[in-house]
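Please go over the structures that come below.
There are two complexes below, and they share subunit A, which is joined by subunit B in the first and by subunit C in the second.
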Partner chain A sequence: MLIIDAKNVDFYYSDFHALKNINIEVEKNKVIALIGPSGCGKSTFLRLLNRMNDLIDGTRMTGSILVEGENIYAPNVRVDELRKKVGMVFQKPNPFPKTIFENVAYGLRVNGNTDNTFIEERVIESIKSAALWDEVKDKLNKSAFALSGGQQQRLCIARALAISPKVVLMDEPASALDPISTAKIEELIYELKKDYTIVIVTHNMQQASRVSDKTGYFYLGELVEFDDTTKIFTNPKEYSTQNYITGRFG
Partner chain B sequence: MRHLEQELDNLRQDLIKMWRLVITQVTNTGDSILTFDKDLAMQVSMREKKVDAYELKNDSNCENIIALYQPVAIDLRFVLAALKINSNLERIADFAYGISRILIANPSMILDAELITETNLRGMIEQVNKMMYQGLDAFENEKSEFAAAIFSEDYIVDEINNNAPRIIANYIQKNPDRAFECLHLMSTFRKMERIGDHCSNIAEEIFFYIDAKVLKHSPKK
Partner chain C sequence: MKRFLEKFVEGALLISGSVTSITILLIIIFLFKEATGLFNSPVVEEGYVLAMNKSNPVKKLNSYQIKHIFDADITNWDEVGGKEEPIEVVRLSDLTNYYTEEELGADFENIPAKASELTASRPGIILFLPEQYIAKNFDGTLLSKETMQPGDFFGGTEWYPTASPSPQYGLLPLLLGTLWVSLGAILLSLPFGIAVSVYLAEIASMRIRNILKPLVELLAGIPSVVYGFFGLVVIVPFLQETFKLPVGETALAGSIVLGIMALPTIITVAEDAMRTVPRAIKEASLALGATHWQTIYRVIIPYSKSGITSAAVLGIGRAIGETMAVLMVTGNAAVIPHTLLEPVRTIPATIAAELGEAPVGSGHYEALFALGCILFLITLVISISIEFIGRKKY
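Moving on to the complex of A and B:
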């Protein structure tokens, strides 16, 4: 079943044509990695999936993006509702200046949830899903800033999971982490795909090959190749993809 | 040149050096059996250790490249193919060594010239030498179409090998006192036939490396 279906997507930053006729179909419970050199459009495309680019002046998009069959750029779509369905984790851990518990409860509270029992259950469940429970169960009321970088990033993932999204977007989620924390995030992605669909942007080719089912290679705003990760990393169709993944690019 | 490219090039050069050495081993062992040249056979025997040293070096280089550079796509296929070609070349050299040992262990052995002609041992040796060169040519020039010819050459080798037992059996019946030499000749045929098979394996690896095609266990005609 398709959970994301991007059709003929073009995107502009004022006059700059940042994405050119992008077509991607993403199946449910799959991990999709987007790779490509800096400025190729992969993060721009990722941010289109939960309308993060709406806030940038002078941007324009044509084409359509369907999430669970609904066009997320239709005029009647409420962006806050969309973001409940499509959560996001950023490159640098960005916990709120609150306790560990309140960081994860935040999304539930701003969405009007007042049932404290439900909130507590959901917070614990999300922290467990983010593989952080054993490390924080005795300090839920401590500041999130007391955690290490890797723990903070998993806390941000727990925060994204608390509102039960269908899709989790990750923009280089491990680039600021040490190898142990990176390995934990990668293990977590593998576990999370049982319940979520994940789209990850990464500059780390090995990470893309380790965690994803499908990989898309972007270059100069075009989706050069989108195929099974095993195919991309053993026998890519396009010469340009091969040059990029083997490091011969440029 | 990037670091990985340098490492891949070093591996390629070492493999080519080993390949040339193994070709010399096969050519010399063939010549030695056809001319009963014990000195040449001794040379083959003594060089066997050099082939083994190349095998270990290439194995170690492949392991290091995989561990340190995590090659992908054509680079990964190259390293995997190099690993298998390395092992096939070592086996070929083993057979060449085996043939040379026959001559060294039986210095007084002389094979009947007529029998050699009738069984076409010379043709088989030439065919196997040709296959060895075709493989190296395909690898050096990255042309899988050069390797394709090896598969049909191997059928010729197989045919010569299939005909040999009948001819040799007839000869033994007529010349029972030459049975011992004939058994060694039969063993030489078997070894040459196995060298041909390893050349085919190498051709398959060249296809895998260059065209990403897996030809193993599939009809080649």
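Moving on to the complex of A and C:
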């Protein structure tokens, strides 16, 4: 079954036509990379998948996006429920001004979980999944701001994983990090694939080719090409894709 | 030439800066200098003396004791540290009970001698006389050099500056009145102010916000007499009706009026704090499936805690120093309040109401300055704590 199925998606910021007729199908437990030059609409598309663009005034979407077969833009959909299913990691680490533990527990608490043993188990599990456990196990009650940027980003990943989403959206999760942290995050994405479907925006070509199964190339609001990653990087159909991945522009 | 001009401007700025600082400093020094005069002012009404029998072991009385002796609340010397001996209070007019008018003389020329004689003959006497009737060789203990003690002011439970023979300058009723009214004001306005600022910062659409925000700020510009007048004709009768009070002018009325006056400050400061919550953190919360309300009370309010605290403290600051409106609605009874439904009197209201009638340099006048110092110290503590809160960030 398709976990994400976007059909004929058009999106507008007021008058600006930011996405033009996007069609993407994503299978379960795959990593999808979205690449393309700055301003081409990658983040915009990603934020459509958990309806984050609802927060911006004057936006409009046509077409449909199905997650696990349900149209997430149907009128009776509860956005908070959707976001529990489709988690998100942002470009810059954005931990809450709370302890490390409470950062990860947050999603569980707003979900109405009050069972402290369950919360504790889940928090530890999530931090372990985010490959952060060894570094923070002694300071779970310290402020999240005491961590390095790379650690903070992995904490944000742990936070997203804690509520057991089906899909994890990542918007350039390593762009603000040093090479070592970046490598750790890439490794982590590879691990997470077993349990989650991941859609990752990146403008790092090597990263896309290393971590993803399928790659979509966006250009000026259009999805120029969407195919297996190996194919995109070795034998792209479109001239524009080839130009971009060989670094002739972007 | 240009260099010279720059130096000149620099110098002018330096001078105006120092002049301002020095002026402020001088005002503070003046305030405290006048205030300390209180502790050199006599316990006994100016121009009068108190006299007691020489055998009486009590050689000192504070103003509180004197007042209660003359009010006949204290009737025995053992209550003020003396022997068991009934107190016999004698005022100038009472001398006719002991002596005939002939004995006192047609022009009262014998009063000094008779006063001395009376004091010497009656062990329990306390005599209250104008200074001029005290003979050179007066036979008794004179209480003329006694001055007000810090305890009379800081620990005094009565404010009665025109009491005779010993005026009462007790700080406590006024201080408590001020604190009660201000505390009540903040308890009323803080929840409401935070609710409004949450609404403005998070819920209201841009259009509504653009109408409401200036309206709230307009509230801050209304003169306080107008608030006082509003309180007097609306809130005071309302309270009197609802609580079936003998008078509606109560601490609660003051709190309500001050609460309304503090709202604009609280709303503006708290709303600004909430708007500084980074978008990234709000999005993080929403992306984890939190609803808008959960985001407000789990992320936005905790994140703007220090801003909200400054709002509260600024609101209190406004309330504590406010004079006019409070003067109009609190009933101005200088008694220690037990509930919010009693009349109280605040420090600023006291100063405003009494400074005009206190003779310059008198104990009363100096006591009002001492009140001013207390008010100054309270607001100083408040502004220091704002600094402190403002600096404390995550």
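The criterion applied here is as follows: the second predicted complex is superposed on the first by the 249 of 250 C-alpha atoms of A that agree within 3 Å, B and C clash if a C-alpha of one lies under 4 Å from a C-alpha of the other, contacts with A are read in each partner's own complex, and residues count from 1 in each chain.
The rule is simple: contacts are C-beta pairs under 8 Å (C-beta built on N, C-alpha and C of every residue); 3 or more make two chains touch, one makes a residue touch a chain.
Owing to the predicted nature of the structure, the values given are computational and were not obtained by experimental measurement.
Visitor: Have a look at subunit B and subunit C on subunit A after the superposition and call it: clash or fit.
Guide: Once subunit A is superposed (C-alpha atoms), there is room for both subunit B and subunit C without a clash.
Visitor: In the superposed arrangement, does A:75 touch subunit B (first), subunit C (second), both or neither?
Guide: neither
Visitor: Should A:96 be classified as contacting the first partner (subunit B), the second (subunit C), both, or neither?
Guide: The second partner, subunit C, only.
Visitor: Given the superposition on chain A, which partner contacts more residues in subunit A: subunit B or subunit C?
Guide: C
Visitor: Is A:206 contacted by the first partner subunit B, the second partner subunit C, both or neither?
Guide: A:206 contacts subunit B only, not subunit C.
Visitor: Would you sort A:145 into first (subunit B), second (subunit C), both or neither based on which partner it touches?
Guide: After superposition on chain A, A:145 lies in contact with subunit C alone.
Visitor: Check whether A:179 is in contact with subunit B, with subunit C, with both or with neither, and answer first, second, both or neither.
Guide: Touch partners of A:179: none, neither subunit B nor subunit C.
Visitor: So, does A:233 touch the first partner subunit B, the second partner subunit C, both, or neither?
Guide: First partner only.
Visitor: Scan A:245 for contacts with subunit B and subunit C and give back first, second, both or neither.
Guide: In the superposition, A:245 contacts subunit B only.
Visitor: Touch test for A:58: subunit B only (first), subunit C only (second), both, or neither?
Guide: In the superposition, A:58 touches no partner, neither subunit B nor subunit C.
Visitor: Under the stated touch criterion, which partner chain does A:163 make contact with: subunit B (first), subunit C (second), both, or neither?
Guide: second
Visitor: Measuring by CA atoms in the overlay, how small does the subunit B-subunit C distance get, in Å?
Guide: The answer is 34 Å, the least C-alpha separation in the overlay.
Visitor: Using the superposition described at the top, list the residues of subunit A that contact subunit B and also contact subunit C.
Guide: Correct list for subunit A: none, the interfaces share no residue.
Visitor: Please output the residues of subunit A touching subunit C within their complex, sorted ascending.
Guide: 50, 52, 55, 57, 80-81, 83-84, 87-88, 90, 92, 94-98, 106-107, 109-111, 143, 145, 156, 159-160, 163
Visitor: In their shared complex, at which residues does subunit C touch subunit A?
Guide: 206, 278, 280-281, 283-291, 294, 298-299, 302-303, 394
Visitor: What part of subunit A is in contact with subunit B in the complex they form?
Guide: These residues of subunit A touch subunit B: 205-206, 209, 233-236, 241-242, 245-248.
Visitor: In the complex of these two chains, what residues of subunit B are touching subunit A?
Guide: The touching residues are 2, 4-5, 70-77, 212.
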